[in-house]
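What follows is a group of structures, each given as structure tokens.
One chain, chain A, links the two complexes that follow: it is found with chain B in the first and with chain C in the second.
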Partner chain A sequence: MLARTRASQPPRPASAAPSERAQLARLALDAALGVAGVVSSHAGPQGTWVTADREERLPGVLATALAGGGYGVELHLVTEVVPLLPLADRVRSRVERAAASAGLADVLGPVDITIEDVVTPNEVSKR
Partner chain B sequence: MAEETAPARETTRAKRGGHGGEEEAGAMSALKSERGTTAINDLVVTKVAAIAARETRGVHDLGGGAARAFGAVTERVGVGMSDERSRGVSVEVGEREAAVDLTLVIEYGESIPQVTEAVRENVIKRIEGITGLSVAEVNIVVNDLHFPGDDTPEESRVN
Partner chain C sequence: MILLLRAVARFVVLVLLVALALVGLTAAVFSIQGGDSPLSLPGLAEHTRLPEVEETVGDYLDQLEADGPLAKISALAGVGAVLAGVLLLLGVLAPRRKRLVIFDNGEAGRLGARRRTLAGVAEALAEQARGVTQARARVRPRGRLRIARLRVTVSHGRNYQDREVEERVLSAISPLVDSSGLTPRVEARVGKRGARVE
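The block that comes next holds the complex of A and B.
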């Protein structure tokens, strides 16, 4: 007797690598949070600034496909009260270096950065 | 008891709108490049302005009477409904410029023109230094004066 098989899509192998989109989002978020002056990422008032890939949810970063190929990255950040434009430049450079190290420089598009909030040292220590 | 002081500079007010909206033809904003854009939320500018105003000597508090009373109540009952640091501050942020409106309570005895001018200079310095935006104007309303005895609760008439 043949075993009955369920008419459903084959399960995804557990070892499947994350998509390029998810890899870019992850490395961009890690790179941004590693920059001195960046306190956290911000998922947005409705929690929509999130990249999800399988069970992983990355708040405060959106990697979206571009018409010409590759992915643009949006980062939504909470920072300390420091000069913000130089800080954004440092974040952008670090994301670009991280993408190059991971072999993803060719698929990385513009890195858009929004400073959503700033926090004082007192607020940082309460977090 | 409200006195409005003249704006620092006579310039066109920054237009409210999303960052990246109205870009002049051929001009590339310092916030926008081929590598991506940098945007700063209005809330950030509001907080920077509030911190800059509060750290100026002679400023007791920010906000109108009702806002301060409401803030005191929410603080007393332990519900942080209002952000203390943005009370009394209103901003308009455009592509490259910001305009700021402040409502202040000043310590009694201080020179109002000197304090407001110091506030204006500090707000401009902080916003321009931290956000890179140029400040088109800082309008200040002095809403009240603070006396040292204002914070002392009245003694009860009965034991």
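The block that comes next holds the complex of A and C.
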């Protein structure tokens, strides 16, 4: 049904390339999920912690424009029982590296991390 | 209690706003015409029987000025209204409980975790300690001392000492405590009769 709806739509213009905000949200989410100890992202009880990137929704990440320019990134994560402060440092440095290699280091603001849930190794293996 | 007051305050605000909107709408409609026309403010006063109300209120105020049961009842009602107002103000102004424990808040960003999540993990870890039959944990966010506190209360069987169970629980929750910088406080007591057993 969805495919049919998409097929009937006119081709997207070239301007539909992802915005800086969406790019930043995507690379931050990918970077965070690649860190050992991070199990998944969390979209929130009402699914409000989500960034829309064209036709896709990125759960558990919000990139918001800052008054002074650039974007602040908010990550909502589910982690294992690991030291949280070092984990946050690892996530931030990985996000910064990813932003730098995408040429977005100048627009990356603070990276806020909220641990929404902590799961035990047993729960991780069930997922 | 505060949750109930907050809900009542929200309801009262909603009712008052709806009433205010209706009164404003009525006043606007009855301002369309002037003089003694049907849609004029004197017309509205007539519809709402304002002269009769004025008479009734005048009688009531006369009785209120004199000594008697009505004056006492009115004074009590006044005190009740003041108390209700104070409670509603509490419901509106009382600060919400912080759901997040903030561990770090610097230029690079903030690190926080849900209180309930941390408490749940602490309970799960504490219940793994030998001798513990039940665990309850509460996390309090940073206060003036800038320290988030984790308080764990555990029950244990009669064949264990409080002190040894507390030490085991402290050791069991150490992965969480070390990882988050929480200040733990463990209290062990013998489980009540009929409570869970190990």
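Note that the second predicted complex is superposed on the first by the 112 of 127 C-alpha atoms of A that agree within 3 Å, B and C clash if a C-alpha of one lies under 4 Å from a C-alpha of the other, contacts with A are read in each partner's own complex, and residues count from 1 in each chain.
Keep in mind that, in the parts below, a residue touches a chain if its C-beta (ideal position, glycine included) is under 8 Å from a C-beta of that chain, and two chains touch if they have at least 3 such contacts.
No experiment lies behind these values; they were computed from the predicted model shown.
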Chain C versus chain B on the shared chain A, clash or fit after superposition: clash
Partner chain in contact with A:Asp112 - chain B first, chain C second, else both or neither: both
Which of chain B and chain C A:Gly68 touches, first, second, both or neither: neither
Touching partner for A:Thr120 - first (chain B), second (chain C), both, neither: both
Touched partner set for A:Ala88, first chain B, second chain C, both or neither: both
On chain A, positions contacted by chain B and by chain C: 72-73, 81-85, 88, 92, 110-118, 120
Interface residues, chain A side, partner chain B - complex: 72-73, 81-85, 88-89, 92, 96, 110-118, 120
Interfacial residue positions of chain B with respect to chain A in the complex: 19, 30-31, 34-41, 43-44, 47-48, 51, 129-132
Chain A-touching residues of chain C, taken from the complex the two chains share: 100, 103-104, 107-114, 117-118, 120-121, 124-125, 175-176, 178-181
Residues of chain A touching chain C in the complex: 72-73, 81-85, 87-88, 92, 110-118, 120
